[in-house]
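Each of the two complexes below includes chain A, the first together with chain B, the second together with chain C.
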Partner chain A sequence: MKHRLRTTFQNTNFVVGFSILVLLLLLTFVTPLFMQGSPLDMVGTLFNKPGNYVNRMGVIDAPKYPMSIEVASIRLGAAVSNDEAKQMLEWLEKSELDVEWKGLDPEKDRAAIVELFLANYDDSIRLPGTSAYRKGFTRLYNKVQNLLSADGYVVHVADPDSESGYREVGKIESRDFTNVKDVPARRFFLLGTDNFGRDVFHELISAIGNSLMVGLIAGSIATTIGLLIGLTSGYVGGWLDNFLTFVTNMFTVIPSFVILILLSYSISSSSRSIVVVAFVIGLTAWPWTARSVRSQTLTLKNRDHVNISRLSGFGTVRIIVTDILPYVLSYVVMAYILQISSAILAEAQLSMLGLGPSTTTHATLGLMLSWSMQFQAPLSGAWWAFIPVVLSIALISFSMNLMNTGLDQVFNPTLR
Partner chain B sequence: MKGYTRYFRNRILWYLLTFAVALVLNFVLPRLMPGNPVASIAAGVTESLTDSKAAAEMMEEYTRAFGLDKSLPEQFLVFIGNLLKGDLGVSFRRYPTPVVQILKESVPWTIALQLPAILTGWMLGNLLGAVAAYRRGVFDRAIFPAFLFVGAFPSFGLAIILLFVFGIMLRVLPTSGGYGFDLIPGFNLQFIASAVRHYQLPFWSIVLNTIGGQAIGMRSMSIYELNADYVKYSRFLGIRDRRIVGYVFRNAMLPQVTGLALSLGTMVGGALVAETIFSYPGIGSTILSSIKAQDYPMISGATLFITVGVLLANLVIEILYGFIDPRIKANQQE
Partner chain C sequence: MAETDRVKVKRRELTETFLEGKNMSKVYGMGRRANRAVDNVNFKFRRGEIVSIVGESGSGKTTLAKMILGLTSITEGQLELYGQPRAFGTTAEKREYWKNIQAIFQDPFSTYNVFSKIDKVLLNCIELRGQKDLPYAQKVEIMTEACSFVNLRFAELTNKYPFELSGGQMQRLMIARIYILKPKLLIADEPTSMVDACSRATILDMLLKLRDEEDMTIVFITHDIGLAYYVSDTIYIMKSGQFVEQGTSDEVILHPKSDYTKRLLSDVPSIYEPWDLTSDDLLSEEDEFPTAAGGAP
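Let's look at the complex of A and B:
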């Protein structure tokens, strides 16, 4: 036993897979300690992109540091895209004003183009084309209007006593900077927010934990049932074996996916909690574990040590537990690992079809994926709402498959 | 041939029995639901109907469809009787379209997508797995973890990634549907071209997933066979390497064929969910919308069809297996 464990942990595949899994588990246990609030708090708005969010009023309140950094061109570069620069050139060309626009490159001379466009743009010049086409230029003008000015902004607060109704409280110069650390109200979204405005990273960590739990529960149930049926039918034999094999074979052929859909649909959505879904998955996943345990048991049944036990008058249960179980255990562990990863996949599949756990207090990987698909995250370009989830699912099954391959190599030395 | 006939007869009988059990499950499972299924389903649907007469008709239709006024065995007989007549009830969502009609619309799409995709992925996977086992070295060391990683992605996960990369970021392929929304299905060049373009992403997401899974199995089977005594003996006899590889490949294929039969149900399930990502007009999307609309007869009909499809595919595989593996014939003749 000790030797086996040692060789197992010398196998690269197993160790890599095991480390990934342990890292994921650590992540689910440790990160919640550093996160504020519950993972499903709706803090943001629809699909905020990843980044550090600071409060804008806090920026105004925070100490300012004038710096000699050329800001205008940076703001310009961020605000005006290549296409918009081209659009400006198009206006300059079509307006037929006497302006030197030729030879300007939308990529390199962006500042010059914007300057020229701002200086010459005139609403009253009617370009040929649809009104939507003309309005595009007006919109563009309004957008870039303030970009080049170095005057900065003036901050007002509402003040009923003053004549204008506003009172000036501060000025923001174009050269003013603020240290982000000085802004007290800020929140870092490593993976942005989802369709409900929840912190995807926080949600993902708790979803990984919940999905692993689904896998663990379902895998344990499936492995226990499979082990019991496989051992009994393999060792006891006779009509019981015929019957159990018949049932097992039947359920390996009838797609468990179908039974899952029918069963989950039959359970009313109000009672479909994460644990219930895990149970349902476990109840449908046992057949192939039973199959392989049975065939393993059959090869062991007539070994000498089993025969000796039988001659010594030991009971069936005792023989199974002491003489057969230890020999099939390695296969059972491998089957268990595969059961866990396929249960996690099954949960994700069910959730994608709207038959997953119906809960608003817990997230699972499948639910996260299903939410982001329902809210068309790919079309919004919100990759952070689904790519990390898909990668997590893949990473979990990858690590488990690796562990399985490693174990396979340890137990079947020819594969090495 | 005598041995074969017996083998096939036994298998076909066994599959018929399995089908019967599947039928019973399809009938019993939804009726395990606590409370009156008709009331809870009908309440959801009739709520939106303002016409009280239509609502009452709907309720009646539901009760008739479920035949709840009769005893359970009687209901089962009615269920079987209707099935023999090719009647799977009427869809609630698309009332009064019969379920069979909707199945007829969506089944060709699913079969045209999944059959070639699973077969292509299976063949490519076996080929790559065998090559990796035979070559070993760098090729194996680089490609094996890659298979393992790609195979770890469920086909719907790959579907989402492919959709995002090729459909939205690069905008080279359409993201949803089975053909352009402005086209009417027909046998013309424009429609076929559009269908082929819409086919790419769902197809490759299924193929990639299948390749990964199959390659790993084939690789370890091939390595196992390459170390077998008959290979050493053949080498000793001086038989050419190519021939030996042929033997090895053939022997390693056998478990892969059984493996295909065993994992077919799972693959089809994953592929059905991948369909829904692209709103492909197949059974997967039909099931999704039926679940959303609580369209029970449609769900039951669709799952029954999937069961029949998987069972038939399994039967075909087993019959093929009977021809490939000479041991089966020998067993039967004893």
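Let's look at the complex of A and C:
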């Protein structure tokens, strides 16, 4: 037994899979210590993209450091899109003014294009085309008009005592910089926010933990039921075997996902907590464990060591525990791992159908997917709301399958 | 009856009928696929007797053994112990029955639970004897004695796993188990077919010793009619679930009545026939096989 354990931990597949799982578990235990608030706090707004968010007023209050860094072109680059730069080039071309616009690349020379456009744009030049076409250029001009200005902003606060109703409190020069660390109110969203404005990373970590819990509960239930039924039905035989095989077959013939849907549907959504859903998944996933344990038990019970134990007067339970169970255990461990990973997938599928745990206090991987689908994250280009979730599910499945392959290599003599 | 020159075990007074099977049958399956593995057999085993059941593969020997052992149900007929139908209902009755009737199986490698240590096998026997609460030192004494009976040293075996033993050692340890249990009847189902010739002789010797010292009835199941003749007092010839011939070993071997027995017997010397020995490497052994050498070129 000890020897088996050692060879198991020498198997690369198993070790890699196991390490991934341990890392994920560590992540779920350690990260919450460094995160503020609950994972489901709605801190942001709909689908904020990943990044470091700092408070704008904080930026004004923070100490400023004038720097000689050319800011205008950077601002331009961020404010003017490629298409807009092309539009400007088009105007320069069609206006037939004597300017050097040729050879400018809308991608690289954006600042130069904007500068040229701003310097030469004239509303009175009538380009051929519809008025809507011409208005497009006017709009573009208005948009970029003040981008190149180096005057900066003046900040006012409301002040009823003053004549104008405002009082100047500060000036922001175009070359003023602030150290982000000096801004007290900031928040880093590694994976942006989801449709409710929750921190996706924080949510994801807790969802991985919850999904693993679903997998563990469901896998344990399925494996325990499957093991008990398989062992009894295989060893005891007779009418009990017939009955149990009938029940098992019934569960196998009706696709378990259909039972799962019906079961989840019949449980009112208010009482569908994570644990309840895990139970429901576990209660439908046992048949294939039961079937294979039964067939292994059938061959094992004809081994002579079982006969010797019977001749020694041992009871059924003792024989099952000492003479059958150890032989099927390695298989059961493998089945358990697969049960865990398929339960995680089942939870995701159920949640996508809206039959998963209905909870506002806990997230699961399936729920996160379901939320991001409902709020059309893929259409909004909010990849951060669902890609990391999909990858997490894939990673968990992958690690479990690796562990399983490793165990198979250790325990299955034909693969050694 | 002509006494032969074989190393015949000394004869005994065989009077007391110990176990009797009446019209016993075992049917596997149902309806058209029913298979009568054992078909209406009758037998009487006496105390201290060595009985051989000889038959080819699939003739139902193991099935009969399992019925006698109570490992499988008896479809028809009954089994009588000292003239009484055997009591085999409750757990206590079964335990009592198994104190009297034990077995050694064919394949030593499947006879052991590879997950438990060898000591466990012997300790379980002591438990079955009702001495579970004996101090450990005394248990060790019993186990050491049993091991030395089969020429094994308990000190070398303790804390080992079965797969660390050779097939012959495993089979001997099974005999040590029988030595501790001292049942009245031992069913040995081809105990020597999976071990080498040397171990085979040792194991047979030990079985004979068990019979002599403990007055044990031994049912020796084999497909080797020569071996059966060597060890047994009584031989039953089994074919397709039925006994086609039965009697003392001399009757059956020297004066067979059934064609099937004759055929079995004619198969035995066939391996010594000249054509089998014409290859060069075997010719050197002509001294040991004078009849064969006579026919060789």
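Simple rule for what comes next: the second predicted complex is superposed on the first by the 377 of 416 C-alpha atoms of A that agree within 3 Å, B and C clash if a C-alpha of one lies under 4 Å from a C-alpha of the other, contacts with A are read in each partner's own complex, and residues count from 1 in each chain.
The rule we apply is simple: a residue touches a chain if its C-beta (ideal position, glycine included) is under 8 Å from a C-beta of that chain, and two chains touch if they have at least 3 such contacts.
Since we're looking at a predicted model, the values are computed, not measured.
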{"item": "Clash or fit, chain B versus chain C on superposed chain A", "value": "fit"}
{"item": "Partner chain in contact with A:166 - chain B first, chain C second, else both or neither", "value": "neither"}
{"item": "Superposed model, chain A: greater residue contact from chain B or chain C", "value": "B"}
{"item": "Chain B versus chain C as contact partner of A:279, first or second or both or neither", "value": "neither"}
{"item": "First (chain B), second (chain C), both or neither touched by A:153", "value": "neither"}
{"item": "Which of chain B and chain C A:402 touches, first, second, both or neither", "value": "first"}
{"item": "Partner chain(s) touched by A:310 [first = chain B, second = chain C, both, neither]", "value": "second"}
{"item": "First (chain B), second (chain C), both or neither touched by A:323", "value": "second"}
{"item": "Distance of closest approach, chain C and chain B, by C-alpha atoms in Å", "value": "7"}
{"item": "Footprint of chain C on chain A - complex, ascending", "value": "1, 303-305, 307-315, 322-323, 326-327"}
{"item": "For the chain C and chain A complex, residues of the former touching the latter", "value": "66, 69, 71, 91, 94-95, 98, 102-103, 105-107, 110-113, 115-116, 121, 124-125, 127-128"}
{"item": "Residues of chain A defined as touching chain B within the complex", "value": "249-250, 252-259, 261-263, 265-268, 288, 342, 345, 348-349, 352-355, 369, 373, 378-379, 381, 383, 386-387, 390, 393-395, 397-398, 401-402, 405, 408, 412, 414-415"}
{"item": "Interfacial residue positions of chain B with respect to chain A in the complex", "value": "14-15, 17-18, 21-22, 25-26, 29-30, 32-35, 40, 148-149, 151-154, 156-157, 160-161, 163-164, 167-168, 175, 216, 220, 223-224, 227, 261-262, 264-266, 268-270, 272-273, 276-277, 287-288, 291-292, 296, 299-300, 303, 306-307, 310-311, 314"}
